[in-house]
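Each of the next two complexes has chain A plus one other chain: chain B in the first, chain C in the second.
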Partner chain A sequence: MGYVLGIDIGSAYSKGIALGDQGTVDSSVCPSGGDLKLTAERVKEELSFRNGISAHDIMRTVATGYGARSVIFADEVRSDVACHAKGVSSLLPTVKTVIDVGDLYTKVLRIDRNGGVHNFLLSGKCAGGSGRILQVIARVLRVKVEEIGEMSLKSKKRVDFNTGCAVFSESEAISRISEGVTKEDLLAGLHRALAAQINSLVERIGVEPDVAMVGGGARDLGLVKALEEIRGHAILVPAEPHLTAALGAAIIGREQLKKKIES
Partner chain B sequence: MEGRGDSILNTVERYYKDYGLRARELRNEGRRLTGYVCSFVPLEIITASGCIPFRVRGDIHEPITTGDTLLETIVCPYYRSCFDLSVKQKYDFLSGMVIPHGCDSMVRSFSAWSYSLPFPYFHFVNIPTVCDQSSIEFFSAELNTFKKSLERFVGKSITEEDLAKAIRVHNENRDRVRDLYEFRKTDPPLISGTELTRTLTVGSSLPVDEANGLYDRVSAEIKQRERSPVKKGPRILIDGACLDNVELIKLVEELGGSVVADTICNGARDYFPKTDIGGNPIDALARRYLEKVNCPKTYRANRAGTFEGDIASRFGDTGVYAKEFKVDGSILYLYKYCDPFGFEVPARKAYYKSINVPLLHLEDVYSAGTMGQLRTRIQAFLEMLG
Partner chain C sequence: MAEEVKEVKPKKRMTATRAAASIGPMVKEFITSTLQARAEGRQKLAYTFIVCHHEEILRAMDVIPIWTENFAGICGAKRDAERFLQRAESLGLSRSLCTYALCGIGFDQWREELGQMPPDAPWGGQARPDFMISSGQIICDPRSKWYQASQQFMPDVPIYNIDLPYPLFQRDQDHRDVWDYYHKYIVKQLRGLVAFLEEQTGKKMDYDRLRELVDLSDRTWNLIDETYKLRRAVPCPMGTGDAMNTMVPINFMMATEKAYDFFVDLKKELEEKIARGEGEVENERYRLMWGGGLPAWYALNDFNYFNSKGASFPVETTYRMVAPLNEMDIPETRDPIEHLAWRWLGYWTFWYDKAKKRPGSEPDVERLINWIEEYKIDGVVMHEAFSCRSWHVGLIWQLHQLAKIYKPIPIYVMGKDGKREKVYRELPSLILESDIIDITSYSEVDTRNKIDAFIETLESIRANRAA
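Showing the complex of A and B:
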C-alpha cells in the first residue's frame, strides 16, 4: 500500500512518522525554527532519504500541530487533539485520559479505545502550565532539557515554588539560585509546581483510568513522577511520548486510505 | 445606501469594513446621531426624538493605545476597544453618547467617556439589577428621565405617538432579523453566520428604517439562493456577549462548522424580544428591556428553589434556540475580564450538560492576533462533533 506520513509541526519541535503496511518504519524529530514550511520539507526529506521512500511511494500525508498549515504538501490537516487520541489508543488501548504536555499548551483528553475524543481541555493562552518552562529553566541552569528529569529525582529538599506563570517562574528560579539552593532541589520544586497546575486542568475535565502522559513534557521523568505523586496513581508513558500526535496523524491517514480503497 | 456590484452582500461588506460610512453622510445632511453601547439602551426613545441611534463597535484589528491612557486595563478589552476608537475620533460624527448600566465597567467609565469626548450630549441610563415590580416602576421613571434629557437636547417634546411609532418600526426591524434567522434552519444554512453577523452589524449603524430596507434586500437575495455558501458541517451556536467582529464566526465556518444560532448581544439577545404594543409605551419599553433581554447582568430570583430549576430558567432560551436551530454544539466565547458572563460560567456549563449539548468554552482578548490560538481548539471541537 506504500507509505503514509504523519507530520506534527509543534511550536518547539517538529516530528514525523513514516507508516508502512507493518507499522511504524521510522521517525524524525527536529527543532521547528522560524521557517515552518522548510522544516516540514526537511522532516519529509529525512524520512524519505533514510528509508529509500520515493515521492510516489507516499500515498498520503496528514499534518497536525500548531504549524500544520505550513505543511503545504499535506493531503489533510487534523487537530493534534484528534491525532494524540488516535496515536495513544493505538499504543496503549486501555487509556481513557491523555495528558499532553507540549511547549505551547497542556491538553487533557478523554478518549475511547478507538481513539475517538469525548472531551478535551486546553491550558490558558499563556505558557503557564505548559512545557515551555522546562526549556526556560534548563537554559537558566545551563543544563540540557533531557537531563532535568534525572536531576530532579536526586533532590533531597524540594523548594516551594509559588508562581504559575512561566515568565515569573524564571525570575523566581533566579532568585532561588542566588539564595544558594541546589539545581536538583530547584528542579524538584519546579516540577511539583508545574504538576500541580497540570493536575488542576486534569481535575476540571475529570479522570477515567488509565491515564497516559505524552508530548515532549512526558520525556521529563521528574515531571511524570511529580504528577504521579500528586495524583496518587501510576501514569503510563509510551516509549516515545513526543511522537504520538505524528503517529496518530499517520494512522488517520492510513485509515482514510483504506476507506478509499474499499469504496 | 447604494451598492456596487450585483450583490447586496457586497454592499454590506463595504459598509461593514468602513463602519459609519452612512452615518457620516447623514451627519453632513444635518442629522444628529447618538452613539450607544450594549443592548440595554432603549433605541426607540432615541428614534422617537429624531436622532439616529448608532451602535459604537470595537475593532479587533486595531491595537488599543490612546484609550489605555484614560481607562485602566481591568476593563474588558471589547469595551476598551470601543472607547479607544472613540477617543481616536473614529466616531467624531456623533452628537452624543448614551451608556447604560450594562456592567460595572460601563458605570465606572462613564465619566471617562464624558470628559474625553467632545459631544454635546451624554446620558447614563440606570438599569435595575433585579427584575421585580418595583424595578419596573423605577425603570419606567428612569426612562422618562432619559426621554426628558433627549427632549432638552433636541429642543422638542417626544409625544406618545412618536414613541408608539418608533416602537412599531423597531419591532418591524426585529421581525426582519427573525426572518433572516429562518434562513439558518436549513442544513446547511442558506445564509452563513459571517454574512448574517456582518449584516446585523451594518444594520446597527443605520437609521432603523434604512436597516429595515437593507434586511429586506438581503432577505430577497438569500431567497434566490439555490445553494448554501457553507459546506454541511456541525451546526454551532455561539453563546456570549457582543461579537461585532466576524473573525471568530469566520474561523468556525472556515474549519467546517456552520454557525446557525447565537445568544449574542448583537444577535438573538437583542433582536428576538419585542416590545408590547398598546398601553403606556414607556412601561412597555421598561418591560422589554428589563424582563425580556436576557443578560447575565440582571439577577433573576431562583423561583424554582433548586439549582436545576434555576439554570433552566436563567438559560432556558439557549436550550430553545439549540432545539429550534438543530444545534450540534455550542461555543461559549467570552472576553477576559467580562465579569457578568465570567461569574456564571460554571452554571452555564452545568446547563449545557443538562440539555446534552457539547460545549467549548473560549476566553479571548478581543484581538485578531489571537485567532490562530483559537483555531486548534475549534478544529478539535468540530472534529469531536463529527
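Showing the complex of A and C:
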C-alpha cells in the first residue's frame, strides 16, 4: 500500500511518523522554529531520505498540531485531539482518559477503544498549566529539559511554589535559588505545582481508567510521578509519548487509504 | 496617552435572516438619534444598562436611553475599542476590570477632555448624558461603579442607582415564601426612579402611557418567545450568530412598536424558511447550544466558521432575556410599576421549580437540560470572557454539573465480561476563551483549531452512537 506520513507541527517541536504496511517505519523530531512550512518539508525529507522513500511511495499525508495548515503537501488536516486519541488507542487500548501535556496547552481527552473522542478540555491560555513552564525553568536552572525529570526525583525537601503563573514561577525560582534551595527541590516543587493544575483540569472533565499521559511533558518522569502522587493511581506512558499525535495522524491516513482502496 | 491607531476591520459576518441583516442600520440610527437629540436639547438623555426592566419608565417619561454597554460593544465589533481601553488604563484602571466599562470610561474621559467627540468616534460617538441610571445587580459591580468613575469627568451629571435583587435559589425553600419582600423593595426602587426622572425632566409620569408601554413590552416578550421557539425546527432557520443581532430589539428597544414589529417580521420570515425547509446552514450536521457567555464582538465571524462545518446554533442562553409571561407564576396587578417588579422576579425565578425536581440540578443547569432536549442539541459551546465576572462566573461549574447529572448519548462499550453493553455519556462541550471587546485576548488560529477539534469530536460521537 506504500507509506503514509503523519506530521504533527507543534508550537515547540515538529514530529513525523512514516507508517508502512507492517507498522511504524521511522520517526523524526525537530524544533518547529519560525518557518513552519520549511519545518514540515524538513520532517518529510528526513523520513524519506533515511528510509529511501520516494515521493511516489507516499500514498497519503495527514497533518496535525498547531501549525498543521503549514503542511501544504498534506492531503488532510486533522485536529491533534483526534490524532492523540487514535495514536493512544493503538498503543494502549485500555486507556479511556488521555492527558496531553504539550508546549502550548494541556489537554484532557475522554476516548474509546477505537480512538473516538467523547469529550475534551483544554487548559486556559496560560503557560503555567502547559509544558512551556518546564522549558522556562530548565533555562533558569541551566539544565537540559530532558534532565529535569530525573533530577526532580532526587529531591529531599520539595519547595512549595506560591504561584501557578509561568512568569511569576520564573521569578520565584530565581529568588529561591538565591536563598540556596537545591535545583532538585525546586524542580520537585515545580512538578507538584504543574501536576496540581493539570489535575484540576482532569477533575473537571472526569476520569475513566486507564489514564495515560502523552505529549512532550510525559517524557518528564518527575511530572508523571507528581501527578500519580496527587491522583493516587498509576498513569500509563507510551514509549515515545511525544509522537502519539503524529502516529495517530498516520493511522487515520492509513485507515482512509484502506477505505479508498476497498471501495 | 492612548495610541490612536485603529485595528483592521473584520470581514462582515454573513447572516441567515433578512431581519438580522437589518440590525446594523437600526443600531446606527439610534446612536445617531441620541446625538441629534443632544444637539437639539429637547429630550433628556440617560446613560443606562440593559436588563433592568425600566425601559418602559424611561420611554413613558420621554427620556432617551443611551445604552453604554451597547456602545462599547459597537467599538469592539468595529475593532476600535483598543484606543479607549488604553486611555482607561492610562487613568490607572486595570485591564482585568470589565472592558465594557473601561471602554466607556476611556471614551468619556477623552470626550470631556476635548469638549467634543474623540477623532473618528465609532458611528459618531456616544452622546453626553443629562444623568446616569446605574443598577446594582447581584454581582455585576461595574453596573454601580462604572458611572461613578465616569462622573469624575462629568461632575455635573447626577447618578441615580436602582437596586434590583431577586431571591437566590435554595433547594429546600420556596422562593414564593420570600418574594413579597423582594417585590416591595423593587417597587420602591422603581418608584424612586420615577421621582428622580420627574425631578430631572420637570414632567409628571403619565401612568396610562406607562401602562400601555408595559403592555406593549409584555406582548413583545411573548412574541419573542414564540419566535425563538420556531428555531426548534430541523434544519434550524436561524442561529446564534443572527441572535447576536436580534438581541438588539430585545435589550435596547423594548417598549417600542419598532421592536414589536421587528419580531412580527422575523417570525414571518422564520415560518417561511421552515416551510421551505431552509436552514441556517445548507446541510445541517450538528446542532449546538451557545450555553453561556457574552460573545467576542470582534469575532462574530466564528459563527460562520461553525456554519461552514455544518454546525448550527438553534438556541443560546445569552441575551434571551425574556420568558413566556403566561408560564410565569406571578400575581396579576393593574399597577404598571408593580407589574414590572413581578415580571423581574418571574423572569429570574423562572427555572426554580423545575430545577428542584431534578436531583443535583440548579436553575441555570436546568435551563441547559431543557433546551438541549427541546432543540435536539448535540453539543454545548461556551465563551469565557476574562473581563466579565458576573455573566461568566459559574459557567464551568454549570458544564460540570450538566455532565454529572445529564448523560443523553447512548453508546456501546465492551463490558468486563467481554459482552457489549449500552452506556450513556455526557454531551461534548467546548469552552472558548477571549473577551467581549479586548481583541488582544483573542487568537483566530487558536480558536479555530479548538473548533476543528470539537467538530471532530461531534463526528466521532455520531459514528459511535448506539441506535
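The definition used in the following text is that the second predicted complex is superposed on the first by the 263 of 263 C-alpha atoms of A that agree within 3 Å, B and C clash if a C-alpha of one lies under 4 Å from a C-alpha of the other, contacts with A are read in each partner's own complex, and residues count from 1 in each chain.
In this text, a contact is a pair of C-beta atoms (placed from the backbone, for glycine too) under 8 Å apart; a residue touches a chain by one contact, two chains touch by 3 or more.
Note that this is a predicted model, so its numbers are computed, not measured.
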Fit or clash - chain C, chain B, common chain A: clash
First (chain B), second (chain C), both or neither touched by A:G124: both
Chain A residues touched - chain C or chain B, whichever exceeds: C
Touching partner for A:G206 - first (chain B), second (chain C), both, neither: second
Common ground on chain A, meaning residues reached by chain C in one complex and by chain B in the other: 66, 77-82, 117-120, 122, 124-125
Residue ranges of chain A in contact with chain B within the complex: 66, 77-82, 105, 117-120, 122, 124-125
Residue ranges of chain C in contact with chain A within the complex: 396, 400, 403-404, 411, 413-414, 425-426, 428-429, 431, 433, 441, 445-446, 449-450, 452-454, 456-457, 460-461, 463-464
Interface residues, chain A side, partner chain C - complex: 66, 77-82, 85, 112-114, 116-122, 124-125, 204-206
Touching residues on chain B, where the partner in the complex is chain A: 358, 363, 365, 370, 373, 376-377, 379-381, 383-384
